[in-house]
Every structure is written in structure tokens, then in C-alpha cells.
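Presented sequentially are two complexes of chain A, the first with chain B as partner and the second with chain C.
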Partner chain A sequence: MTPIEITRNPIIKATLRNRWPQFVIRVIALAGFVLAIVAGFVGTPVGNHNFGIVFVWIVWWALLMLILVPLAGRSWCAVCPIPMPGEWLQNGALLKPRGKGFGLNRKWPKRFRNIWMQNIAFTLLALFSAVVLTQPSVTGVVLLLFLIIALVTSLIFERRAFCRYLCPVGGFIGLYSQVAPVEVRVKDPAVCAVHSEKSCYTGSQDGYGCPWLVYPGTLTKNINCGLCMECLRTCTQDNVALNLRSFGADLKQSSGHKLDEAFKAFIMLGAALTYSAVMLGPWGELKSAAYSIGTAEWLVYAVTLLGLIYVILPGAFLIAVGVGRTLARVLNPPQGSRESLKKSFAAFATALIPLGLMAWIAFSLSFVFASLSYVWPVLSDPLGAGWNLFGTAGVAWQPYLMSIVPFLQAGVLIGGLGWACVVARRIAAEQQTGRVVTWEALPVMGFCFVVTAGLLGLLIG
Partner chain B sequence: MKAERLALLLVVVLTIGVPLAAVVARSNPDAIAVRAQMADDGGWTPGDLAVAMGQPLHLRLTSDDVVHSFAVGHSAIPAVDVLPGQWTTTTLMFDQPGKYTFYCTRWCGPNHWRMRGTIEVTGDVTNTTPIIPPLYVTLNLDLDAPHPSEVVPSERPSATRGAALGLKIDRAWEAAESPAQLWQQLRSDASTKNLSDDQVWDLVALAWRSNTTPERLAEGQQLYAQNCAACHGETGKGDGVIAPTLQKTPMSGMSMSGHETVAPIAFTDAKSMLGASDAILEGKIVRGGMGTGMPYWGPIFTAEQIQVVVEYLWTFQFDR
Partner chain C sequence: MVIGLLAVAIVFVPNPIALAASGDRHFRIEASSYQYTPEAIQVSPGDHVTIDLVATDVVHGLYIDGYDLSVTADPGQTATLSFIADRSGSFRLRCSVTCGAMHPFMIGKLNVGSNDLLWRAIGLSALAVVVGVWVIRK
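Our next item is the complex of A and B:
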């Protein structure tokens, strides 16, 4: 599908270029974020009656994983409130650039210009997630830490270093945003090549240089583009566009496969499997081990989780890739795969992006519709203080759409498996020529099948 | 600059104003907020309340963990459920000064019974009815002394069978006397010489069951189910839902730390029950089992309530 430039519409373009709509949404989000922190510290400790738990881990999560990421990629990052205070200090302004801001403006260290830190941050969060997701005070602490770390990072490093290199949420949003049917791209790279000012990167009176440290002229994947629209505002050549495109367009890229992104895919897949077992499974001992932070049981749980996401899944996947390469070599001598095993491993991990996204959608479906009715009482009584602001405090809990959720989950998981297989075969085709493409991809497809079967068993079976 | 100021106003109002307003509005001066948590996590907060006699005490109750219930001992105020994350309001009024105990009536956890607090009601005493001490005090009974029955029936005694014997016995039920003592006396009585040991036990059952009414037993059963069955079990076998968390075997000596527990007694155990008297059972309920984990119910149950519970306990030994 040829991308459709939706910024051709003058109203859409003017709305996106205008700072106010985005600013207002972000300030509302920031107010909600602060309220979630406050609710964590002074609100009821009962999770399903606390604004922090209900609006962060149910409403926001549902919005993020079921709508924003699959349909609009990093659109959440465009309105995320976490970096706002730091950005205001950096920029010395709330809206438009206004002289010199505050901060050391250092460059992010070269060795950490990858998403390994995000991988580690997400892993840390995953280890404590059973408590973080259920205890308002812990959620409050975590959200406050996000805000503080983002602020400190902004004061030391340039632009949105926190979002690009540290944010555990931004890491997986970026990975899965490659599936989304929207992109910001330059219309004609040749125009950028001869444009000496590069105002999209350096900034201008109309806006800031790319906060995500990306040069739009060479942007080919969504992974690092925060959809903040600054380049749309600062491009003096009217050469930046917001496009509608086919789903998964970035997955067709034949280059730029990185190991850190591959591991992000394993982390997300492993976390989806683990959460499904811990939070939805019938194993009480597993559940209590995940909750008992610091105990021997929790240590076993933590080591198992770490082993799954950093050793077992990547190890099994490596074997699958290796077997596929061997099959290709045996069946199609003398060519075989043209890439090294490491590169093949990173490339084939692209297949885990649709698989992982669909796994998270299926996992989210299982609790989002079951818990969504908690929203009404919390809307009227966000701190659990006995209020009834909108007359909805007494609305009783009731699960929504539970009769169709298993079918949705099955459809999503099987669809994800099919999509992953298509991607795996395409990658195999990039790696070699001949009739044995499917044979090279087959073990990877088998890996995806086993993971899908496991998730089907955990979520539906 | 105008846009910047507007932006700043928006930021201040939304991100500082809204959360601040929420925090300020939290406090409700019209009622005292009482939070309930399982005893291990703090119980009632605050645990001590005060009010003047004849003045309303407005309370807002909520639970921070599981379902609890709020009730006041020695009062006719009905218990109210205290639900997690929800607020329940109740108003108390006392017509006599004193120290009242409020407590949880839901089996909320292993230390459920520790969920107690006090309400100090100040004012001049208007009720001059003298306080009657429990029987174990007036009789100077040692509640902790073992009181096994030397004889036990081979089958469960039945009041109906006892009545069918058509024997008129002189001995009546006495609060200080145990069934075993009555059995011994009846057994030595010439009028029962033709009866088997179990038939004499049937006469004892008749004596005990004649001392109550179905209405009193129903009330006793309700109190037992609400307050005792968590440990002693619905059927009195000492196998309530909380029993597994208590020690399996009774300790040989008495513990003084106050934290140790023993396995709840089985009211179906003839050897220990038939050697006890109403006065002993009443005393154990009023005072609690020292060093056993058995809570004291004196500040909660009225004397009448304790008596109906004791009458109900005998149904675990004696059939109708």
C-alpha cells in the first residue's frame, strides 16, 4: 500500500502544527499523572477503588495496548506527561522556544545509545510488577520515580534522553510502533539532502529540534520517532508528512536489525507468558511467590523470569534460527544463508514483534474488560474518600463482554502467529535465494507456534 | 508571552490545583473516619474513640483490605459491614457511660478476634443496677484446671430417650455442676439401678436439654456461628477455617507471651466437655483462655448472650 499523506488535509495539518491541542492533552495527562501519585500516597490502599491503580493499570493500559500502540504507534509518547517538567526547564518555556533554558545539555553516552537500558528498566519493573500493579502506594512511588528520573535526565542530558534511552514503557511502545499504520516521514529525501539548515533537527522559532534525537531525513522506522510533530512545525521546506500506511510496514525493512531490539522482543514475550501464568493462572503458589518480594520464593520466581526472558526464549530461538540455517544449507548448497548467525538471529526476531504485540493484546483483553467497570466508582471517588462526584460511586463491578473475550483472544493470538510466520518467511527470503526459503523459516515458525500454543493454554485453556 | 501565561495558568490549575483540591476535600469534619485492616496490619484506626453520653457519634467506616464488620459489645446497635474501598456511615448513641468495646464480626483473618477497639462514653451514671459478677468468680472456680470426665457414654446421649424412660428424678440441672457429676449422682441413686450407663446419660441429656428452649438455642447458634465457629467449627469439632493456622496440639503448660495459640477445643469431645459445668464454660467465654489464643468475650457479649451460647454448646453433646 502506498502511504497516504494525511497532512495534505489543511485542517489536520494546521491542528498538528498548532501547539495548543497537544499541550492541553498533555497537561490533562499530567494532572491525571499527579493525581495518580497523590492517590497512591493518600488514597485508599484498596487497588480497585484507587485512581492510581484503576486509571493507570486498567484505563491507560487498555488505551495503550488495545488502541494507541496497534493503531497509532508512539502516539502515547506524543502526549506523555512524564518528560514535561524536564522539557519545560530545558526549553525555558511551556510552549514555544523562548531563549535559553536550564540544564547541562550533555550528549547521551555513546555506549548507551541503544535500548539496553530500557530493557533493563522494563525487566526491573517486571520483577516487581505483581506488587506495582496492585498496591496504590507502590504505583505512586514508581510514577514519582519516573517523573524524578525524567526530570534529572533532562537537566543533565539533551532533549528527551529519558524517553529515548531509559523509559521502560517507551522501549516496547517503540518496538511495537513498527506495526502501526501511521508514520512521520519526509516527503522527498532529496529536499532534505540539499537543505543546509536542518531545522528539523536543530530547531527554529517555530519549534524544537527533534526531541527524540532523530534526523527525519533518514527516518525509515517508527521505533525512535515519538510522533511529537516538532519536525512538522520546524521544516521550512514543507517536506515532512504524517502518513497512513499498511500495518507492519516497518517489518519489511531488510536492514537495521539490532540485538537490543531483538532482546526487547524476547523480554516482552517472556513477560506476557509470565504475567499470564501469574495473574491469570490457577497456581496460587506462583502468585504468592510473585507477591512476596524479598523472600526465597520470590527469588526463585525472579530467577525463573530472568532465565525465561534472557536465556530460555533467546536460547530456543537461537537454536531455531540455527536449525533453519542448517536446513537451508543442506537443502540448497552451496548458498545457504548469506548472513552471520548473529545477524540472522536479530533479523528473525522481527517476527516476534507482531507475535508479541498480539500476545500483549490477548493478555490485556483478559483483564481489561473484566476490570473496566471499576472506572465508574473511581471516577466519582478517585481517592476512595467516600465521595460521589458524578453519581457513579455506587456502580457495582461487572465484567464486560466476557463471553466474546476468549474468541477475541484466540483470534488475536492465531492472527499474530500467522503474521509472525509471514514475517519470518520474508526474512528468510532476504537471507537467501532458492526454493528452501520456507525450510529456513520453518523452525522459527515452530518457535512462534509453541509460544502461541502456550499463551492459548494460559489465557483460554 | 500571553500564550505562555495562559499555558502556565492551565498547568497550575490542572496539575497542582486539582490534586490539591482532592487532598483538601478528603477530610470530612462531620464524621470520624475509621479504617479497618486485618489485625496483623493494625486493626482499627483509630482504635480508641470517645463520646459524651447522649451525644451522637458519627462514624465513616472503610476497609483497607478485606470485608470486616463493625459491632459494639453490650449494645443493641446492629453490626454494619465494612467493605474494602467503600465507606459506610453509622451513628452511635449511648445512654450509659462506660468503656464499650467495638469489634469485627467477620472472619477477616487468623487474628480476627484481635480486631477490637474501645469507645469511652463519658457522663453521669444513671443506671444503678448492681453489676453481677460471673459465676466462676462467685464460685471461685479455677478455669484453667483440667476437668476431664472420668466416664463417657458409649453413644451420644438423647433427651428424647431419657424422657421415654419415664423416670422422675430429684436432681435438677445446676450451673456449677458438670454432666459427669450429675451422672455419678444419678448412677448411685437407687432409682436408676435398672438402667444402663447410657440410659443414665440419656437422663443427663434430658436435664440439660430441659434447661433451654428452641428459641434460645437458635439465638445461641447464631452467636456461635458468627463468633465461635471460625475456630471451633460449625459442627463443634474444633475444625473451623482458622483452626489450621493455630497449633495442632495443645501446649503442656500455659504460655504467658499472649501470642501463642493452641488447637481450638472440640465441643464434640465427650471427655473434656462432660467434665465441664455451665459456670466453667461461661467463665471461659467471659475471660477467654489464658495463653491459648481463645479471645475474651466479656466486654462483647451480655450475660444473657453468653448463657444462650453455653446452652447451644451442649447440643454438641446431647441430642434432642
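Our next item is the complex of A and C:
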């Protein structure tokens, strides 16, 4: 599908270039974020009656994983309130550039210009997730820490370094945003090549240089583009566009496969498997182990989770890739594989992006629809203080659509597997020719099938 | 064409496994700190099922997905729920009364007959891989 430039529409373009709509949404989100922190500290300790727990881990999560990421990529990052206070200080302005702001404006260290820090941050959250997701005070602490770390990072380093290199949520949003049917891209790279000012990166009086440290002229993937629209505002050549495109267009890229991004895919897949077992499975001991931080049972849980996401899944995948390469070499001796094992491993891990996203959608469907009715009482009584602001405080818990959800989950997981197989096939075709393409891709498809069968067993078994 | 027929067969062909005759089934389920014991119960379609829910620590509930039935038991007390298992498949049991931090994740399982959805989904997954291979060959 040829991308459709939706910013060709003057109303859409003017709306996106205007700072006010984005600002208003971000301020509302910041108010909600602050309320979630306050509710965490002073609200009821009962998680499913606390605004922080219900609106962050049910409403926001549902919005993020079921709508925003699959359909609009990093659109959440465009309105995320977490970096706002730091950005305001860094820019010395709430809206348009007004001169010098505060902060040291240092460059992010070269060795950390990858998503390993985000991988580690997400892993840490995953280890403590049973408590973070259920204890309002812990959610409050985590959200406050996000805010403080983002603020400090903005005062030390240039632009949105926190979002690009540290945010544990931004890491997986970026990975899965490659599937989304929207992109910001330049219309004609040749125009950028001869444009010496590069105002999209350096900034101008109309806007800031790319806060995500990306030069739009060479942007080919969504993973690091925060959809903030600054380049749309600063480009003096009218050469930046917001496009609608086919789903998964970034997965067709034949280069730029990185190990840190591959491991992000394993972390997310392993976490989806683990959460499906711990939170949606019937095993009480597993829930107690995940919740009892510091105990021997929790240590076993933590080691198992770490082993799954950093050793077992990548190890099994490496074996699958290796078997595929061996089969290709045996069947096509003169050629073999064109890439090293490491590069093949990172490239084939692209197949785990649709698989992982669909796994998270399937997981989220179950717990979101089972818990969504907690929203109504919390709307009326966000702190659990006995208020009834909208007359909904007494609405009883009632799971929604639970007769349909297992069918949706099955469809989503099977679709994810089919999509992963298509991606694996395409990657194999980049490395092989002729019938050996089948054999190189088949073990990776087998890996994806086993993971899908496991998820089906956990979610609808 | 062949793939399409296979998919239709996986989805619609009746399960050939003979079902056990229906009858009365009685279970005692203990509910305590985010766990039902036993964690899963198996019945046959058409069974008249009676569940005695015993809460051993705090108030717990039991809600059955798909059947939209629930019962609540006070600490140390037994509450009874009876129904005809007229829908096949695997259904989650959920605690319907806030019982602690991990309450939203207190889950058990009711298996009625065989879980056709699971096996058909796994069959379709295998077919998805075959389609992947077939696409490669084309």
C-alpha cells in the first residue's frame, strides 16, 4: 500500500501544527497522572477502589495496548505527561520556544545510545509487577519516580533523553509502534539532503529540534519517532508528512536489526507468558510467590522470570535460527546464509514483534474486560473516601463480554502467529533464495507456534 | 482452496470424542488468599453441578464466566451454588468480593466437557504455519 499523506488535508495539518490541542491533552493527562500519585499516597489502600490503580493499570493500559499502540504507534508518547515538567524547565517555555531554558543540555553517553537501559527498567518493573499493579502506594511511588527521573534527566541531558533511552514503557511502545499504520516521514529525502539548515533537528522559532534526537530526513522506522509533530512545525520546506500506511510497514525493513531491540521482543514475549500464568492462571502459589517480594518463593519466581526472558526464550530462538541456517547450508551448500548468526538472530526476532503485540492484546483483553467495571465506582470516589460525585459509587463489579473474550483472544493469537510467519518468511527470503527459504524460516515458525500454543493454553485453556 | 477447506473443517467438524453421561456432580471449593482449592473442576455437559464454596480466611465470592452466576461465602461459612452445565468449554471462576491486594487475579477454572475452542485454535495455529510455508513455496 502506498502511504497516504493525511497532512495534505489543510485542517489536519493546521491542527497538528497548532500546539494547543496537544498541550490541552497533555495538561489533562498530567492532572490525571498527579491525581493517580495523590490517590496512591492518600487514597484507599484497596487497589480496585483506588483511582491510581484503576485508571493507570486498567483504563490507561487498555487504551494503550488495545487502541493506541496497534493503531497509532507512539501517539501516547506525543501526549505523555511524564516528561512535561522537565521539558518545560529545559525549554524555558510551556509552548513555543522563547529563548534559553534551564539545564546542562549534555549529550546522552554514546555507550548508552540503545534501549538496553529501557530493557533493564522494564525487567525491574516486571519483577515487582504483582505489587506495583495491586498496591496503590507502590503505584504512587513508581509514578512519582518516573516523574522525578524524567525531570532530572531533562535537566542534565538534552531533549527527551528519558523517553528515548530510559522510559520502560516507551521501550515497548517504540518496538510495537512499528506495526502501527501511521508514520511521520519526509516527503522527499532529496529536499532534506540539500537543505543545509536542518531546522527539523536544530529547531527554529516555530518549534524545537527533534526532542527524540532523530533526524527526520533519514527516518525509516517508527521505533524512535515520538509523533510529537515538532518536525512538522519546524520544517521550512514543507517536506514532512504524517502518513497512513499498511500495518507492519516497518517490519519490511531489511536492515537496522539490533540486538537490544531483539531482546526487547523476548522480554515482552516472556512477560506476556509469565503474566498470563501468574495473573490469569488458577495457580494461587504462583500469585503468592510473585506478590511476596523478598521471600524465597519470590526469589524463585524472579529467577524463573529472568531465566525465561533472558535465557530460555532467546536460547530456544537462537537454536531455531541456527537449525534453519544449518538446513539451508545442507540443502544449498555453495550459498549457505548470507548473514552471521548474530545478525540472523536479530533479524528473525522481528517476527516476534507482531507475535508479542498480539500476545499482549490477548492478555489485556482478558483482564481489562474482567476489571473494567471497577472504573465506575472509582470515577465517583477516586480516593475511596466515601464520595459519590457522579452517582456511580455503588455500581457493582461485573465482568464484561466474558463469553466473547476467549474467541477474540484465540483470533488475535492466531492472527499474530500468521503475521509472524509471514515476517519470518520475508526475512528468510532476504538471506536465501529458492526452496531453502522454507527450511531457513521453518524452525522460527515452529518457535512462534510453540509460544502461541502456550499462550492459548494459558489464556483459554 | 485446500487450506480454506481445512480451516473450515478445524472450526466446524464435531468433536469425535464421546462425552460421559451427565449426572449430579458435587464439589467443595475452598477459597483462601487468592486461590481456589481445587483450582479447577471438571464436569460433563448437562451435569447438574453443585458447588459448596467455603471461605477459610476472609469473605470470598465465586463468579463463573460465561454462566454469569455468582455466590458469596462469609469466613468459615459455606455457600452453595447449583446450576446445569449447559455450555461446554473452559470457564474462569473469579472472586467477586474484594478480598485483598491480589483479588482481581483470584481465578479458578470450570471445565465442561472438552475445551474445543482451545484445540480448534491450536489446529488453526498449526494451519497458520502451514500457510506460511505454502506462501514461501509459492
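Note that in this section the second predicted complex is superposed on the first by the 461 of 461 C-alpha atoms of A that agree within 3 Å, B and C clash if a C-alpha of one lies under 4 Å from a C-alpha of the other, contacts with A are read in each partner's own complex, and residues count from 1 in each chain.
Methods note: contacts are C-beta pairs under 8 Å (C-beta built on N, C-alpha and C of every residue); 3 or more make two chains touch, one makes a residue touch a chain.
Since this is a predicted model, take the numbers as computed values, not measurements.
Touch criterion met: A:Gln135 reaches chain C, while chain B stays clear of it. Applying the stated contact rule after C-alpha superposition, one finds that A:Val46 touches each of chain B and chain C.
Between chain B and chain C, more residues of chain A are touched by C.
Of the two partner chains, chain B is the only one touched by A:Lys96; chain C is not.
Contact with chain C, but none with chain B, is seen for A:Ala441 once the two complexes are overlaid on the shared chain.
By the document's definition of touching, of the two partners only chain B reaches A:Trp387; chain C does not.
Contacts of A:Ser344 after superposition on the shared chain: neither chain B nor chain C is touched.
Applying the stated touch rule to the two superposed structures, the overlap between the chain B and chain C interfaces on chain A comprises residues 46, 48-49.
The residues of chain C lying in touch with chain A in their complex are 32-37, 39-40, 63, 65-66, 89-90, 92-94, 96, 98, 101-109, 115, 117-118, 120-122, 124-126, 128-129, 131-133, 135-137. Looking at the complex, you find that chain B touches chain A at residues 3-4, 7-8, 10-11, 14-16, 18-19, 22-23, 25-26, 28, 60, 62-65, 84-87. Here chain A touches chain B in the complex through residues 23-24, 27-28, 30-31, 34-35, 37-38, 42, 44-46, 48-50, 93-96, 98, 382-387, going by the rule given at the top.
Contact residues of chain A toward chain C in the complex are 46-49, 130-131, 134-135, 278-285, 287-288, 291, 367, 370-371, 374, 397, 399, 402-403, 406-407, 410, 413-414, 417-418, 421-422, 424-425, 428-429, 435, 437-438, 441-442, 445-446, 448-449, 452-453, 456-457, 460-461.
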